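A, B, C and D label the chains in the order they appear, each numbered from 1.
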Amino acid sequence: MSLLQEEREIILSNEYVDNFDFDEVAKFVKGASKDLFISHHFKQKNKMLVQPRGGFPTYQKQFALNEFFVKANVDVLPLTIDSNTRLNDYATAKKMLRLSEENDVDMLNGYPLVNHGYRTTRKMITHFNKPVSLRHGTPDARLLIETAIASGIFEIEGGPITYLLPYSKNFPLDKAFLYWKYVERVCANYSQLNEPINRESFGPLTATLVPPAITIVIQLLEMLLSLEEGVKSFSVSFSQTGSMNQDIVTGAVIKKLAKYYAEQINCADAAIHLVYHQWMGAFPTNKDYAEQLINMSTVIASMVGADKIITKTREEASGIPTKEANAKTVANTQYTLGILNGLPNIVDEEEEEILTLQVKAIMEAVFNDPADTLWRKVFNSIKSGVIDVPFSPHIINHNKMITIRDAKKNIRIIKRGNVPIPDRCYAYDKAQCDLTKDTTSIVNDIIHDIGIMQ
Amino acid sequence: MSLLQEEREIILSNEYVDNFDFDEVAKFVKGASKDLFISHHFKQKNKMLVQPRGGFPTYQKQFALNEFFVKANVDVLPLTIDSNTRLNDYATAKKMLRLSEENDVDMLNGYPLVNHGYRTTRKMITHFNKPVSLRHGTPDARLLIETAIASGIFEIEGGPITYLLPYSKNFPLDKAFLYWKYVERVCANYSQLNEPINRESFGPLTATLVPPAITIVIQLLEMLLSLEEGVKSFSVSFSQTGSMNQDIVTGAVIKKLAKYYAEQINCADAAIHLVYHQWMGAFPTNKDYAEQLINMSTVIASMVGADKIITKTREEASGIPTKEANAKTVANTQYTLGILNGLPNIVDEEEEEILTLQVKAIMEAVFNDPADTLWRKVFNSIKSGVIDVPFSPHIINHNKMITIRDAKKNIRIIKRGNVPIPDRCYAYDKAQCDLTKDTTSIVNDIIHDIGIMQ
Amino acid sequence: MYIQVRALKNMKVVTGVVGNDIHVVANRLLELSLDARGYEVFNLGVNTYLEEFFDAVVETGADVLMISSLNGEAEGWSREVQLLKAKYKHLDNLIMMIGGNLVVGTGSAEDIIPKYKNYGFDIVCHQVDLNTGLDQLEAFIEERVVNDSDIKESNK
Amino acid sequence: MYIQVRALKNMKVVTGVVGNDIHVVANRLLELSLDARGYEVFNLGVNTYLEEFFDAVVETGADVLMISSLNGEAEGWSREVQLLKAKYKHLDNLIMMIGGNLVVGTGSAEDIIPKYKNYGFDIVCHQVDLNTGLDQLEAFIEERVVNDSDIKESNK
């Protein structure tokens, strides 16, 4: 028995998991409908796939949500996991699930997949026969991902960097790398049985003034860490920056460089997709305005040429959206994609060049780290501030980089910290901004820049 | 007394007009607040002006509508005229106005400006102190425009072609040219007293598969006819075509050529503005979808670089919009303009060249008509089909040009009729389309092409 | 009795938009579609009054009168159809068809179709796509031919 | 009695986001803003529990404790403030400030401010912009200095 298989058996012999039948699961994946694989839809697609967000504790409620989404013509169903499960606290999840079922009130903010188990969940997934995307936020997602794939969920979001730096204050990053390594390998192995399992990175990060260079570097690194383990279908992603042009440039550069770096490690055979998140930052409280913002995000996603879009709702600024609001966004987004035609071909060579230079310089610095494996190089680079995510709450993050918007609302780096932004690019970025102001005015500008959509 | 002044006195000695005090009106215009002049706002503006549509019969209701618009942060107020007034039937308008006032039910589909008179209407206009745009559809608008300007309405929409070919079956076109000549001269004369009166052409025409070349030619000709008479501020306009790229190209070409042709007649000193109409064709009946379409129109207007946008409402497919729906569009459009940043610079040289060649060829054919004045040349060109507006109901229009959408939803000319589209351009347009289909399929395509937003 | 039915391909159709309606788009498509299907079309365009329609039918010897209405005016005009038609002779075989948006606001086909059949229309297409409507016309004509042959047979 | 009040420019501030809240954006802006205004800042970041706040105040000898909360958790924690503070000595002159979104869902400042003052906060900023909040702090400090001089005067 391989080392991995040994590890799998240990992980799956969990008191909250009922007997995991490896052979049956393998047979299931082998024979599963192609329609369940988002990787299959990406291959066939002639339109951008639309995916909302959402998860409820009970089977019934989750089923009802899915029915609602299907009626609204969804392309990809979400399955958002509750926060106890994210912290591997299956005991609490179990208790809260029982309370939710008994009292018809939601005691969890998502679907406790491990407690429901794969045998039950698979019924729902195969019933709808639509690809499902797993949204969690779990540093140690090993058990969760095994259960997900056994259930027929063939897209797994997250990654050791993107699920840690925005979501956690002090979960050990090195551990996260190892746990995700396991996830990648499991995904890679199952990918050999049928269409590939798709892995997706979480590009929005903190959704707050993250400069495209940082987003792209992290997307590329999580992609490489995944392809290294044998994953054959991967989605890089980012969220609306606030400048249409910066979005388009970011999309162009990330597509080009994903291909380039995949080739560098001899993984040109992997399919790389682009996912765009509707505005992830501070939303307007006016719900009509929120809808304008959402529609505009869809238009920009089309101009970026995304393969999939992940939607928000008009209720973002107030609370967890109702299924009605959620389905409404899906229907509206589909309509918009249908009527938006004659997209112009937009190339901004100068911006693309600057961004490419920034990304390549940081990537080079990461690769030059003396550590023996890629994940250790990445780990060291985060520790040393070569990678620095603005507004990350994690203690390992440097927080020395400062960004601001220029007059056109492009995010620009005005303090690079330890990030090896080449001098020319740094000068370019700073030249776009008015830095003659005093610090208080600049802080006011930053506050304003964060709230541009409000 | 000049000939024009004699004509003015005859026109204004109408039994439905109470004594018109020329001197007082001139003094009023001379001293009027700059804020009432849209030409002044265009000069000062750093944002796209937002203007809705709307008109109610009674003073009270029109006042209430305006209050609503102002609350929604409108830039330009509309004043839409009822259809009796449009047909110079002031007797019926008077009766219906009285009925509307007595019974609190709207018996007219707009504001009967002539019956209200300028003394009353001016109170409303000066009260709100916002620029007002007159929307009518009147072939003989001489009395209407005198009354409008005396009321403080300093933007006049329409023109001899754009208010005839889409709106009428058999009103004599030559008469319309002469009536509009009067309007231009009155506008030109008043323009000398204060900021210029702005004239605006109605670019949407039939809003149905009108190819940009035809739209632009008609815009340019109405502009020239207006500038010839001394107008110093003019807005060319067009409505969303259905292809983002075609809109952008149309905007670029119309701006360039308006400047060019104005210079040709030594009117480079006139200010030329660009107005964009949100989608004017068949609307979706689903009101949520209608809102998506409206938002998308706003985004495209920004990419086109319009100086003003004229809005639709979510109720377009059902009936005359409530003031709530109307105000909602205004607020949403303003919000969208505020958050839409980082517009890319888009140039499609090939499409611009083709379109420019088409327009110049038609313009040349018009100028080459042997008639002595421009309006007669234009008149003859319409009669002979050199200018041919798809889907015009007017008997003078040739209806020999056939257009269709290509795969990117650009409107293409597949039968040119008598319109002198240069061979190269004609071949280009046809090459974009699949013309191997049989006629029934092509008709089906056209039906589909008209309904693309539904 | 032998009733003459022209071959579909040579049938004459008078069409137009009734009343003060200038929405011409559907009318143009109708003409294109009828042309393509081989009918001989006399299109009176928008803004056409009932008398004009019947006059044109008589003048051209049309087989089909196909009225269009978009802005809800149709019902007002249609009430007068029977009365007016009765004034003209030899219109018994005229196929009468109406289509478009046949009410002000919204209404259901179940209510609308019988009403318009009572007004004297053979085929009523409320918010029905053009080509679907023309398919209905062809089906109607073929059925008539069959019925007519039946009549011919039984008269032998 | 002479109460020492550090010059504004040298004041020490302990700040952070209370509870399990990881929304760090406002917290970062706060640090930048405090820095810019010349305070000496000890930022405990997100995910900070009450004890950690008070421990830090004692360790650093801070003049101001500035708590932030975004996800509605604040009220739960604030009920324990008085009790906990009482356990520490020499915190009588500590200026206690809280800001952010101080309720789950929506609520009005009129209801919220008195409540939080009862919990022991001197300055309460519900959905108040950062810089407006810091202006309030400065006004509060200056007022205190004046009051203190008054006390000094009257003690002469």
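The rule is simple: a residue touches a chain if its C-beta (ideal position, glycine included) is under 8 Å from a C-beta of that chain, and two chains touch if they have at least 3 such contacts.
Everything quoted here is computed from the prediction, not taken from an experiment.
Farthest from subunit A, judged by the mean position of CA atoms in each chain, is C. Rounded to whole angstrom, the centroid-to-centroid distance between subunit A and subunit B, based on C-alpha atoms, equals 46 Å.
For the pair subunit A and subunit C, the distance between C-alpha centroids works out to 59 Å.
One finds 36 Å separating the Cα centroids of subunit A and subunit D. Subunit C and subunit D, compared by their mean Cα positions, are separated by 81 Å. Arrangement of the chains shown, judged by which pairs touch: a linear chain-to-chain path with two open ends. Pairwise chain contacts in this structure: A-B, A-D, B-C.
Chain contact summary for the complex, subunit D toward subunit A: residues 22-25, 27-29, 32-33, 35-37, 45-47, 105-106, 129-131. Only residues 241-248, 284, 286, 288-289, 291-293, 295-296, 299, 303, 328, 331-332, 335-336, 339-346, 348, 408-410, 452-453 of subunit B touch subunit A when the two sit together in their complex. On the subunit B side of its complex with subunit C, the touching residues are 166-170, 206, 208, 282, 318-319, 391-393, 395, 399, 438-440, 443-444, 446-447, 450.
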